[in-house]
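Two complexes follow with chain A in common, the first pairing it with chain B and the second with chain C.
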Partner chain A sequence: MSAHTHTQPQPIGGVIFTRPVIILAAFAGLAGALIVWRFAAGLGATTALNDGYPWGLWIAFDVVTGTALSCGGYAVALLVYILNKGKYHPLIRPALVTSAFGYSIAGLSVMIDIGRPWLAYKLPLFWHWNLNSVLLEVALCIITYTIVLWLELSPAFLERAKSSSVSALRRLGEIGLPIARKSLLWLTAFGMLLPTMHQSALGSLLLLSGPRLNPLWSTTLLPLLFLLSCIAMGFGAVVIEGSLSALFLRRKPETDMLAGLGSAMRPLLVLYLGIRLIDLAVRGQLGALFAFDLYSVMALLEMALLVVALVLLASDAQRRDLGNLFRAAMLLILAGALYRFDTFLVAFSPGAHWAYFPNVTEILITAGLVAGEIAGYIILIKLFPIVAGAPRRALAHS
Partner chain B sequence: MPKDNFGFLDERETIGQHLRRCGVSRRQFLELCAKLMVAAPAGLALTSKARASEVAREIAKARRPSVIWLHFQDCTGCSETLLRTSAPDLAELILDLISLDYHETLMAAAGKQAEEALQTAMKENAGKYVLVVEGAIPRKAQGIYMKLAGRPALQVLDEVASQAAAIIAIGSCASWGGIPSADPNPTDAVGVDAIIKNKPIVNIPGCPPNPYNLLGTALQFARYGTLPECDELKRPKFAYDRNIHDQCPRRPHFDAGEFARSFGDNGHRHGWCLYHLGCKGPQTHAGCSTRHFNEVVDAWPIGIGAPCFGCTEQHLAFRVPMFQTVEIHKATPPDTYAPPFTKQGNVSAVAAGVAGLIGGALIGAGLAASRKVGSADSPTAEPEPGKE
Partner chain C sequence: MGISRRTALKAMAGATATSVATTLAPQESKAALVVPRPDALGMLYDSTRCIGCKACMVACNEANDLTPDTAASGGLWHMPVDLNEHAKNIIKLYRDTAKGEQSFVKRQCMHCLDPACVGACMLGALQKGDYGIVRYNPDLCIGCRYCEMGCPFNILKFEWSKAVPKMVKCELCRHRIAEGKGPACCEVCPVGAVIYGKRADLLAEAHRRIAERPDFYVQRVYGEHEVGGTQVLYLTHVDFEKLGLPAYGDDSVPERARSLQHTIYKGFIAPVALYGLLAAVMIRNRKSSGAAEEGES
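Moving on to the complex of A and B:
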């Protein structure tokens, strides 16, 4: 591995509670209060969820879209470890942080969303398992992967502990770091396997809904489409996160690497679009795709977003234009998110008399969780060695 | 508890005292009360009590009212239906619950003896008895078309009614003339309330009425000394507030458009709606469709395949031809069918607005950021030193 050729990650330092962090934390605090209310008053009183749509915003966004966005760690690890592109290694730690936060929030959201959270303790008890359940697979995978992600990040914490002024922490770092580094290989391998399993399983969930899912989305290839689009979304998330942190932390953006990611997205997108269109054709649904009703418009919109992203990523010069790359990444994420929202909410119809739109409480809880995630990310990269690369220029006062 | 409007009932023996004197056991009495609760009209103040023992306590306290029953232009059908009550049966009714002191077709006496019985009953209970009138009263030529013991019916009614505490007009004839008053009404027959103006009158129309309507009214009067709440036609609401059509067991056929078109046709044999055979159910108010006669299942006109002829409505029976359909004033069901599913789940406009704001802000911020990212990256746009 080429781990020694690139710059080592360093803590950013600086003031932790800046104004943006405080505002984000306030949103997170509001969400926390609303979550307390949800547990006190129950789902019926606090959400717009109903018997027809028991899965709402929290599942469609926090779990399904959120974990796909958190596939940055998975996508970059695929590049680095499977395709052996070592030059992308500096992107891994920041991507892992977003992944760890995203998956933690997905797990938290599931706990908020399930009707009887007090029975959740049974999840790890294997004698309660129904081995034919897709949902069990998703639950176990997400729990395990969340743990794996934080363990993969443990070297960052242990490195910081090693340089701490507290002797106990220092000892912990000295002992723990070699162990963590040795087990990293296994953790990484595990961390490759788990998202492959559950990101496709998120698609399998909707296989079970049968005719309730509109034919434009209802295909046995759902698991594959979910997997492909989550990798694309992961790359998109890394591009956005990398450009934004460079912008806000006034560092030199890793344009080469990000442009490289942009190039890596292209075959994925073509593959995804091709599979989708061929699948529609084989199932005889191309007519429905151009019926221009709600469903056809939504499906066409998803594909159009991807096509525009492909156009934006067409040439090397375009990919090296960070603003352009950023917009392409946004489109990718939008398309992936739309695909997930469509599959879980829009194209899913439990009966014409059912309606669902998340209420303000649900939206505020989701928004607050995301705000908390961003605040946590900012705090973490300031305290721990996550981000690599030198500042764009020497600080003026130094 | 309703106020005793008449203020004399406590002088008489109560039903409870009477039953004890006659050797009726508490067990038998409770059974009677339970039967009453099942059979007697819903909404009756006495039987709306929760338990048989409570009904028994109330009825035992009631004073058996003295009842004088007069027949005028009638067919005795109302008395016939009363004879066929089974719970309570006639003996229980006239011996235990009321004191029927004069009834021309039931009493054993005849001629002079009968006249004496009437005079005695009137004298003994002057101002306290209940007068039940069955049949219409002819007014033409000073009432000479009907005479009792040599006097016109008009005169007999005046005399007996003047001493009565309350009057119950049983049957359509006593209520507003009924069949004797049908066109061209040769005897100028009318109901009681067209003649007697200064006494409380309850009309129990029907041809015949369900006997429980009379029983319920009489028992309420016996226990509380009050008459039931009535509508504008003086019919007790507890028995006449329901529309036959709305409660009809054949209503689903009406809603489905399944009609009998002639007697004995396929629809008629299958028990379809009788509206096109002239059923007056849509304009008739009575309890028949839910409380069949004398505890016999389907013992009411529509139950045996005969259209309702509107006997409890002044403007229908004997006024509108038997097989003429009536107008339906309420919205017909096909306009108002309940949907098979009700709307579930609601979409809040505020939430949609909030979601739109957040989504719009995210996309806007993303575009702005992409512009910034692009310009910050271009070599010409190095930020100025010291901007920190």
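Moving on to the complex of A and C:
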């Protein structure tokens, strides 16, 4: 890692409240107003959720898909700290920021989705814990991991504090930074353990719905498949975020690193596809896979997206073509998102007379939360040392 | 460095593989055997006796302080189209005019011997209480609705219309049992289509009825074995699936997730070991790359 030539992370600087940030913030504000309405009027009046489909967009997208997309921090940390690929180190802080925002949004969505959030303070009361509840594991892990993610970013905030003009903040930075740096290794290890646990547990959640889950998705290997696919989605998210920030912040893209991530995705995708197909074969479901009904088409589509992504990532030259790499990353994120939507909404069938499609309020709240997340990311990298690498230039307009 | 990394990955993959394998293996062979508690109370519903008067629905709402659902009847009377926040108990009609076949069916909580909702509930708001009744305590419910995702019979309902909602489900009138009375639906039934008692007694009675008229009844007591057994039992002369009682196997629903969780998290050894391993590999990698001060941030 000492070999890499990149500079230390630095604040991007520039105007904070640019037009894109203001527009994003307006969307977030609209979502805020709708959230107030949801709490005043209840879930029935404001959402399309019902007793057949008690979990909808907020769980399937904001929580289950959103946290998988936020596995960039986890995926890159595995690469850097466990596989010892130090050259990817500059990607860690930006990935951690997206992860921290993504998990915070997921936590916020859960608080909007649950019916009795004022009792959520009881979750840490261990004498009430039902250790058989997979959801309890997911909830506690996600709460802890969100805190760990922000703590992992504490050096960035403390570095900034150290160079502040306020003397109290300077002192905080000087005292805090060595402590934060010393504890970082232990935090980071924790930050790799927690997603391993809860990303797989997100798959285990549906084991309980087994009798009402389509056999194409209902397997005891759900936790393993969810874990593999979240790491792949994490890499995909880092590629997309790296390409977009290079584009919008007009910086030199980290082509070497992003191409390397593209290469790292391949064994994961092959493993996932292999396990999925072997599992279907062992359970005698290959016939159902090619029945070409709704379920079969959805499952085939998930796998086809991954196969196309693999083809796009086939050669080194293809992976170094950023447009091509970007498309492959999009495809595998789409495949992962589709897998999660399929498992939680399509494959789950509570009976013929139940139906669910998210209504406008649900969609606007989700969109507003994502908008707030993007605005937060932009503001954070402008104020704090997150992004490393190419020299700053031409920043004034974005 | 290369060795430690490989070891770590192998260990991680190994741990996952063993846990998956150990949970898969017993899965196939083991027949679920859930032993009911001796004092387990339940109901026996005989669809062949039910006249569809729905007196049980009215009695249920009265006994449980539920407001009537008049949406489908133009504001006239209690007419829910399924179990919902206004109905813990419902009579439905199955009719096949082509086959000339007809039957009513009464639906409410089955009071499973090993309930999925109890396995789902994070803080134990849903529990198997006295007499094996699946009881609900709103003080420990955060409204996550995972119980609804789990229940194989679609029983649990959420108060969608309220800003301060609770879950709604049949609790076998446990507040009346404390007063020495039985469930309101059983007491009001004019033809004895639904009776109440100890599960063991009801099961014996069900088998007695089948033995008495073997050509008339379907030769099976629904709930004796389904999903590990339920405390509410059904007799009918038509296909159970026609009545919305699916042909589930004998495995209890929460067992699969429970055995997986308990294998992976047994004594919390695996997570602690994985944490130690991750930290050890990180320390080793950091030393070998000689960039201790840079390895952070």
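Please note the rule applied: the second predicted complex is superposed on the first by the 385 of 398 C-alpha atoms of A that agree within 3 Å, B and C clash if a C-alpha of one lies under 4 Å from a C-alpha of the other, contacts with A are read in each partner's own complex, and residues count from 1 in each chain.
Keep this in mind: contacts are C-beta pairs under 8 Å (C-beta built on N, C-alpha and C of every residue); 3 or more make two chains touch, one makes a residue touch a chain.
Source: prediction; values computed, not measured.
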item: Touching partner for A:G42 - first (chain B), second (chain C), both, neither; value: second
item: Touched chain A residues, chain B compared with chain C; value: C
item: First (chain B), second (chain C), both or neither touched by A:R171; value: neither
item: Chain B versus chain C as contact partner of A:G351, first or second or both or neither; value: both
item: Partner chain in contact with A:D51 - chain B first, chain C second, else both or neither; value: both
item: Touching both chain C and chain B, counted on chain A across the two superposed complexes; value: 50-52, 351, 353
item: Chain C contact footprint on chain A (complex, rising order); value: 1-2, 8-9, 39-45, 49-52, 54-55, 81-84, 86, 89, 93, 110, 113-117, 119-120, 122-123, 125, 128-137, 139, 155-156, 159, 181, 184-186, 188-190, 192-193, 196-197, 204-212, 220-221, 223-224, 227, 348, 350-351, 353
item: For the chain A and chain B complex, residues of the former touching the latter; value: 48, 50-53, 240, 243-244, 246-247, 250, 253, 255, 321-324, 326-327, 330, 334, 351-360, 362-364, 367, 393, 395-397
item: Complex contacts: residues of chain B adjacent to chain A; value: 339, 341-348, 350-352, 354-355, 358, 363, 366-367, 369-377, 382-383, 385-388
item: Chain C residues within the chain A interface of the complex; value: 1, 5, 8-9, 12, 16, 20, 23-24, 27, 82-84, 116, 118-124, 138-146, 148-150, 152, 154, 156-166, 227, 244, 246, 248, 253-254, 256-258, 260-261, 265, 271, 274-275, 278-279, 281-283, 285-286, 288-291, 293-297
